[in-house]
């Protein structure tokens, strides 16, 4: 089985970014089943990180193109590497054979299978409303205890990992004690690739779902079920006009 | 008061399109209050029409730029000229003084003030799920009776206006008789500018909300209330990275 | 366009009341468009103020008669001048040409267009449940963050305006900080005509919707859309029995 | 235990009405426990029958006065004799010792205890939306399968009882077969006192809740539990202004 | 009328248990109407008390048998003597003439008739999620303010009644002040038979529904309405296989 | 990784049953990853098949014991082999290291990831309400289009496989055309092991989720994520009383 992880932004266009892209690919391969081949790829255009609805939308045009290319290359599934799942519906409209898995969707469904009410620990207040809408759209609003933030921008998370972990623990504790969460979800892919779940689980005593790992394992599971997205739910756009042709 | 209607696609890049753009501007000015100046403008890039989630997203990058430009030019409000309100949240994140009114949002709230349960008559099945999500996001899912389609692509609506009207009447009748709608909304801006509301109201005996007119009059009303969008709800993106700078 | 603001109680039957009625009329005219003529009128019977479900109901019989009279006089729209919108459904059942706008309904829909979650600042605990039911009935319960009170009776609000403003600011701050409101609504017409919105917006940093102004501007907007209420939603009562004839 | 059934309209002011009032009282006494004394009383002012939101409101002022009088007379509970429970909340605000039971509320809760999804068979389309709001307000919207009508005015129901029964059976069958109802509720007190439940149950094979009997038996049950309404839920109106004093 | 209260566990199999069973029977008879005969019975197998979903399920097999036996003996109604109503749906599938009343269901519907938002005071955190699911299943989640616990196991409640009462008062106060409850429900039958309602009502100023008494009075009321459960809602299992025959 | 599939009934106690158990085990192994070892086991007591809430409950006591035994034997995950997931919450209360996967839960979450609204094709009307409650409990009621039945008892499904397939296709078509389903779920394990998904997908053009395969692949995925159930959501029962000790 071949899975492609698409970073919906130009991560490798900076020096450290190419290293980080490779590092994330290696982590994904470490989680994959033996029979799974995982590739990782970023896109040429898009925001350096996603901390707003605006940046989610900016990431979509190049990402949908990357997904179309992945289907042409025969990937079984693509992971849309941002917790907000930007444009997941559009990707499913465009593709017919390749599965598209959103880490937000995957992690929230997994959390709903592990507990009764999950909380999301994410980066900044600016993504709280977009994530709230994501969960509502998944139909899981009734399972959401709340969303709490570490209030650090995405690109600063890895600069002081210990401080990030400490803030994430405090945010998680607030969700557990004040909002009734019994399960947590890391609500950012940069947090996911810092592998914060094990220390947070040890400290907080609840499952902490890693959205990158959840997306990968659910992608494998869905491919293993031999299912595809419903084209009745995500119909192919009536015309095939590209932005260039529209003019 | 100065209001800008932004067509989220390159309508004028074709010959007939520039005429249509002018025609729509004239209709809007005919609806406007005396003290309101209405301009209309399309954007350079984007889909020729919007009949899918994918095309909604493609329309957003250029549209947000047009909205930012409108704020710099001092407009009091912008109308985001697609019934799906693509990127309305992103526009509100980016702007601070200028109101952004989505025709879908405006029309659904108006319909909720005129009746108990509204139905939406729109173009093709491919937009039904995106519109369902729009209404849910507005918090008005409990007021929605259903969505019915004329099953004609946007760009074909005006080719045979009488047939379009006839199909819209049939769709509306289904919503009234089978789904319990007591109020209708035209769910497409091209239908809105065909001015189908009067004949449909006469034929069906229920209010038929025109989203273009609803958006214009609500834009005037909101400006007249001296209110702005909540920046707590739509915070400015933490960084000001543009797609170009991200690379 | 001719709009009538109906006070659902005998405000002018006291000396200060007639002055206050004139003062409110002047404020409304200051908000109105150039082409709008605004009249204000109270009713002969009904409670001096409305702070309970009971008083809401007491206000309705005379108010519905005033609305019927307004339709006979050819008004385009009536504003039902109590935030609880008492009897708005009954008025719409009785009228066929004249729009009836409730300030609660208008303000809540406007708030839903300005932010994600609104809070209502109102007078006393005794109206909290009635207002909660109003918002639920509007279909906007999912957008309501909460309701907070200044705990002053309606007729005492204007006696110490500064204290009222200060209590309203404290109530608004609780809604923002504890309940997650990003937009506020003044939940009482006497607060609306004290023009508390500007100072509260300055102090709290969120939009504060004035229900009187919202009702007036939405009334103008709806008239400007050439729409009427749905008679399928609000059917004319099967018989035309008046209370007198029933005996 | 003493229970008063209040007809929220001037039923006895006509000749046949006084007989009908006595007849209903006798039926109620036939259903009552041995230790229960049941009185019946109408009010001086109000509509002859209730088939709209407007008539619901018209019935409330005299009805609340009758309830206050009942509390002064020491009744343990009052039944608000209209299926729409008009002004039940206001009555509970005004009373402190005497329970107020609405037949709509009682019947819907009983139906929810007997099956999974109930349907309401009522008189005319003009009460469907008011009843839908009643059920939503009870918090039981998720248990409601639908509402169907016999399309006969209240005052005509008893003129041809067999035709009324036949239309009610047809309406009930539609609710069962098309809407998934497994339990029915008679949604009108005049239907309730025609004792349609036994023949409809025999014909349709599902429970058919009689709201008059449900209200009586729940009134007895609540009195037997020694409970009262929550004054935190239904607080006494802050002032005791009567309509007369307001002027 | 003959009502059987079934304790879904082997309460009498211990010395004190038989006394307690008799004591509970006497309390029930004290609450019953004159015409009601109340019996009490436990079952041979099942948990000593129910503080988890697991124990709820363990109680069901013997309890359903006891209910079937009660129908054969001609009881008009059975009370399923655990607040969690374990297996109420199964009992209704099996029986056709005898009503089955769950104390949780009865108490929550009664609370919904007394106030706007009820809170449940129960024993341990381990039953909070099961009770939350119970309320959701009743369709009353929108009326639930919250659930609070005394954090004492069921079998320890009666050892220090004053401390239990004090903890229950504290739990109830939290529900009122922090969660907005205006009505309380005792969420455990052992608490119900300690007759905590009167002191808690006196201390907290809100109704405190006793689920044992609510179940008894609702059982009487339902029998008095001559209604039965809907077999469309609770169909008889297609086969009549018993566990023994399944092998 | 070691996974145990537990049949919650005594399937092998009949001759054909042991064969069928082996056949199902072989199918599961055919779906499993290379590194997964799958065992299958039935339980000694319980119903021959599950077509009612009653039979769901009868299956739980022996099933929870089998799950406890599986944890002692070191299984990574158990599949609770009935679509109704009977007692899944109890199993999670009892276990601490071994995951418990319900096929209903797994299939519904998978369906929610493949489309917008799923329909369930199941056996008989007697399980429709239990399944509706299951979906509601999963928090996915908003994603459910409807439930349709083949109206054949479980034990008859395999007697005429072609007729079963044909009835399932008809039920699925009703869900798609009348209820708006875009994705289907087989709502019975005996249907799952008839491998109806491929022919139904070919005939109906939508994904048809096999709950057995979904449960297996999700069990593998969850084990592969190194997550466990939340003990805050599913706490260990306060006492360890077994039914035997209760007496």
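In order of appearance the chains are A, B, C, D, E and F, and numbering begins at 1 in each one.
Basically, a contact is a pair of C-beta atoms (placed from the backbone, for glycine too) under 8 Å apart; a residue touches a chain by one contact, two chains touch by 3 or more.
Note that the coordinates shown come from a computational prediction; the quantities given were computed from them, not determined experimentally.
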Set of chains whose contacts include both chain E and chain C: D
Fraction-based call for chain E against chain D, same above half, different below: same
Chain centre separation in whole Å, for chain C relative to chain A (CA means): 45
Centre distance in Å when chain B and chain C are each reduced to the mean of their C-alpha atoms: 28
Chain E-chain F separation of Cα centroids, rounded to whole Å: 30
For chain E, residues that touch 2 or more chains besides their own: 116, 129, 233-234
Graph class of chain-chain contacts, one of line, ring, star, complete, other: ring
Residues on chain A engaged by chain F in the complex (per definition of touch): 31, 33-35, 101, 105-106, 109-110, 112-117, 138-140, 142-143, 176, 182-183, 205-207, 209-210, 213-214, 217-218, 220-222, 224-234
Touch list for chain B against partner chain A, complex: 9-10, 13, 44-49, 51-58, 60-61, 64, 87, 89-90, 93-94, 124-126, 129-130, 133, 136-137, 153, 233-239, 241, 243, 245-247
